[in-house]
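Take a look at the structure set out below.
Should a chain be cited, it is by its letter among A, B, C and D, assigned in written order, with residues numbered from 1 in that chain.
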Amino acid sequence: MIPLYIAQFGIILAVFGMLLLAAAVMVYSERKVAALIQQRYGPYLVGPKGMLQPIADVVKLIFKESLRPVAADRVIFVLAPILSATAAFAAFAVVPFGAETTLFGLIEEPIRLQVADVNVAVLVVFAITSISVYGIVLAGWSSNSKYSLLGSLRSASQMISYELSYGMSLAAVLVLAGSLSLTDIVNAQQGAWLGFIPRWFVFVQPLGFLIFMIAGVAETNRAPFDFPEAEQELVAGYHTEYSSTPFMMFFLAEYINMVTAAAVAADLFLGGWHGPFLPEYLGWIWFLVKISAILFFYIWMRWTLPRLRYDQLMQFGWKVLLPLAALNLIVTAAGVIYCGN
Amino acid sequence: MGTELLLFYLFGAIAVAASLLVVLQRNPMHSVLLLIVSFCALAGLYIGLEAPFAAVVQIIIYTGAIMVLFLFVVMLLNAHREDEVDVGARPVRGPLRAGAVLAVVLMAELVWALVRAGGPRDGALSEGAGADAAALQSVRTLGNVLFTDYSLAFEATSILIIVAMVGAVVLAKRES
Amino acid sequence: MLLLIPLLPFLGFLINLTLGKRLAKSASGGVACLAMFGAFLVSAWSVWSLIQMPPAERGVVLEVAPWIESGTLSIPFALRLDPLGALMILVVTGIGFLIHVYSTAYMHEERDSEYARYFSYLNLFAAFMLVLVLGASFPVMFVGWEGVGLCSYLLIGFWFTKKSASDAGKKAFIVNRIGDFGFLLGMFVVWTQFGSLDFQQVAHLAGQMPAEAAFGTISLATLLLFVGATGKSAQIPLHVWLPDAMEGPTPVSALIHAATMVTAGVYMIGRNAVLFGHAPETLAIVAAVGVATALMAGTIGLVQNDIKRVLAYSTVSQLGLMFVAMGVGAFAAGIFHLYTHAFFKALLFLGSGAVIHALAGEQDIRRMGGLRKQLPVTYWTFLIGALAISGVPLLSGFFSKDEILWKAFSGGHTLVWGVAVVASLLTAIYMFRLVFLTFHGERAPVQDHARRSPGSSDPGNHHSHLHDAPPAMAIVLILLAIGSVFAGYIGVPAVIGGSNRIEHFLAPSFAAPGVEVSGEGGASPAEARGEMSPASEPTGEGGDHRAELLLMAFSSGIAIAGIGIAVFFFLRRRDAADRVAASFAGLHRLLLNKYYVDEIYDAAIVQPIARTSDRALWRVVDAGLIDGTVNGAGSFVNGASAILRRLQTGSMRAYALSVFVGVVLILGYYVWR
Amino acid sequence: MVPLGHYLILSAILFGVGTMGVFLRRNVITVLLSIEVMLNAVNLAFIAFGRTMGSVDGQVIMFFVVTVAAAEAAVGLALVIALFRHRESLNPDTFTSLKW
């Protein structure tokens, strides 16, 4: 019994570390990719090919002075970044990233590569995302500056608007899998049709996947939906007034959210850790591959597409995405009932 | 004193404290946040009651939607503090204070009534435990009940929502 | 069939009422005349079918619908046609029709809407009059009674923009109300006495019992009814309204205030002949009132200068004469006079109308004169009328009036007879005064301010030259003239070889049903009066023949004498007339002011009422009591709500608190129970 | 195993607290929040009962309550905004006139 607890604890730590690492990697790769897209070098001084750049950044940020506007709401101003960071980390807790494994026989009965196996995991992710709104909103409001306020208002309304499409496209998958547990959903995508097409829901739910991706981008406030921090319009949006560690937390939270979104997408649509050529216990490699692909896609999109106009964003969200998602859900449900599985 | 009871007291304490603060301090923004806290605590209690779905819904809808709405309004009206200067307000504070007192009285009455009715020591919940928890937890059964026994009420609420939506838009629209 | 008679005019009324405003004059007038003519034809037909029946059971009853059903009281809306009614409907529809035709020309200057209004009123009047005549019971008759009152009000005040006209209308209406009140009371008494209001039944029941020796219930009932009659027929003391009624258009005066409505009182007494016959006291009063009225009106008529007023007073005196006939129990004679009078009085009024029309509204005879040349038709017809009314032999007036005089004399009412003779003498005098002043002698220049009725003034030509009556009028005048010459020949008394047909015809109406009617003339009223005065068991014995002839000669002599006097004073020596007037200045003024009756009434009745209603009723009762209560209620509610309003703070939390208190209390009750 | 009584008493307390808020606060928004507190107290009671009965009806009713609460919040807040436009105040006692 003891080793099991140890293993669980280990997994928690591992996930925590992995998320931090992932954030760092993201920062680096984002800069690099951006540079390549813009035909620059990007960071190359710190460490080999500037790989240690993120660490330098962190150090710099930590050693900066932490400022707080006089008129700011003391409590909330402090609370906001912590909240968003926490939410970001917590969301990943229910995301499975690998098949059951005995960790190379270290422990007798296998455990799942997942912090907490909740039978309503999907909804939990959803719920935590909705909480993460507060981080931004409160940050904007508490720092008592008009730019921040505008940024936070925008982000809040934007996230709420896209949460609906997000949830609906997700619900379609739930209908297909017939479960709310991410593990079950992933396992429902085992195997392949005709031997070579993997049973990924992306092939069943192309539209759903598209909507999910777009909504995900909006949820994570990334370009072309990065209104909360639209540099050209409102200095730095909701975190204008933040500096030093609190700012870093927002930064962190943003990237972790991306990772989480990517992980969830992989689990829901791309069959999680299932994939050809690799044994079950190495499934997490497939998982990493898929996540990286999605993340690259995010970065790629950010540096390619211009930002929309705010009203366009809202119009799109309510008048295009939501109806499409609803339609998709209805069609899926009908299909499921028709096929009877 | 099992862990469940421990958790119950923990969450219960949080909920009560948060609610009390919601009521007792002046800054609406803080009230909203504290209310969110108490909601989360309630969600925890729901999990303890083997209603995880209810818990998640509580968070998604209350915390994720309704409270954000409140937050919005607070920001929009930028009501930092409860306005002390009553703009042409009728001084009806006295009776209202009495109302607060009455609330306490009501609380006392309820508690007293419950205690007399067997109070905390009755094992009411335990024989309910006989019902299989899986059925209670599974969203499927919930859905079945919701869409069969309560279908009418469900449709009614959907209409209610539509009406409320339209009404809200009409009311909040600045008449030009 | 019977129903059609009143219904046709009513339809005409409805048509003119609803779309009269849009109709052209010719259309609305045509409709009205057509309705009347139809009614006339129908009534002629029904009268003819009535005559076919044997005299005993001449009577057609038509129950239109059940009307008032309450306990033992059951009054169907029933019409009944009997000889009396037959005569009346012929007069009403016939003369009514002629007057309608006349009106089409006379009212021609009116605007279309006014024109339609006029004819709708006229038709309505005809309808009500026919209901009055045909009604088989008191209430039905009362409907007609009130209806004609209304129409007379409307028509007198037809030119309501003129204050005098509307005042006259009001006066007529109010005075009539007094009479109607009496009529109602009479009805009630009859009901209590006989338990029925149907004429036939009442007559039958009355026929059983003996005539009242002293003043009894029947006398009371009849007296009250007679009050109603005085109201309608302008007898003392309620005669004051009729002269003023001349404010109305002349054809109206002719139809309502000469030929038909004012005779309703007479008709009513005739209708209840049996009842009145059983109340000698009442009959005496009737006779007295009648003769007094006749004399008084005659004297007034002697000095009046308004052509229509003179005619009005003559009408009053003639009505008085009719009442005399009724009073002495000569019902047939009274009705007979009514019938002939309808002809020549209508003729005279229409003639005067023609004159007024020609003179653009001039009514003062002192400004007339010498119209003989310009208005030949009018002159001759008017002359005939005058002769007829003054009772010149062989004209209709002669027979009827002479009949009355003879009945009075033979009935032993010598005094009544004497006064009646004087009255008829006066009649002859003032009628011819009228004729001479109007048509002979020299004409005084017309002043423009003298245009009286705005109705009959047309802006077109100011009558530099006079034109005679237009064809429509002329024809009517001629027809009526013929009528007033020959109408009397249905009642030629037996003594001069005639067989008094009208009397026999009417006899059944005056006899109690079931009582055997002897074909003999004059017997029936005697019987109806139940052996009241044996002296009136006349005709048949030779002695009375001589007396009757003598009287006839005498009365015709009277007529001639009257005319002679008129010739002397007003044709030959006008200054003499003035001198007489001067020498009897006091008397003259008295007559000129109609015995100051109006002034007396004003002082005795109108002013006190006005004062009390102003001081007591208005200031105290209305303003004080009634308004006080109403406003009091209002202010009470006001005060109460002022207090209750405190609860309505409008603060939602206060409301919530009230709810909450309730919750706590109820819960507390259950907890501590 | 937590007894039903605990939950009920907790919900009673929460309800009382909410009511208190309705009467104490002089800010419409806070008043609405207090009402939310009351609703949640009721929800808790429902779910606890449902658990006791071993049926999901408690949760179902809780969903309905939540829905109604959402509608109420939407309309209520819209009203608050409209009111705030008319009177520059959020004090419920300033909105005592029955019409303007």
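As a working rule, contacts are C-beta pairs under 8 Å (C-beta built on N, C-alpha and C of every residue); 3 or more make two chains touch, one makes a residue touch a chain.
These numbers were taken from a predicted model, which means no experiment stands behind them.
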| item | value |
| --- | --- |
| Centroid-based (C-alpha) most distant chain relative to chain C | A |
| Innermost chain, taking as reference the mean of every protein Cα atom displayed | D |
| Centre distance in Å when chain C and chain D are each reduced to the mean of their C-alpha atoms | 86 |
| Distance between chain centroids, defined by C-alpha means - chain A, chain B (Å) | 29 |
| Chain centre separation (chain B, chain C; CA means) in Å | 92 |
| Centroid distance [mean C-alpha coordinates] between chain C and chain A, Å | 110 |
| Contacts with two or more other chains, residues of chain D listed in rising order | 19, 22-23, 93, 96 |
| Chain B residues counted as touching two or more neighbouring chains | 53, 57, 65, 72, 90, 92, 96, 99, 102-103, 106, 110 |
| Per-residue multi-chain contacts in chain C, two or more chains | 649, 651, 653, 656-657, 660 |
| Set of all touching chain pairs, with the criterion as stated earlier | A-B, B-C, B-D, C-D |
| Complex contacts: residues of chain D adjacent to chain B | 1-10, 12-27, 29-30, 32-34, 36-37, 40, 43-44, 47-48, 50-60, 62-64, 66-75, 77-82, 84-85, 87-91, 93-94, 96 |
| Residues on chain A engaged by chain B in the complex (per definition of touch) | 73, 75-76, 79, 118-120, 123-124, 126-127, 130-131, 133-134, 137-138, 141, 149, 152-153, 156-157, 160, 163, 180 |
| Of chain C, residues touching chain B in the complex | 649, 651, 653-654, 656-657, 660-661, 663-664, 667-668, 670-671 |
| Chain C-facing residues of chain B, complex | 90, 92, 95-96, 98-99, 102-103, 105-106, 109-110, 112-113, 116 |
| Contact set on chain C toward chain D in their complex | 648-653, 656-657, 660 |
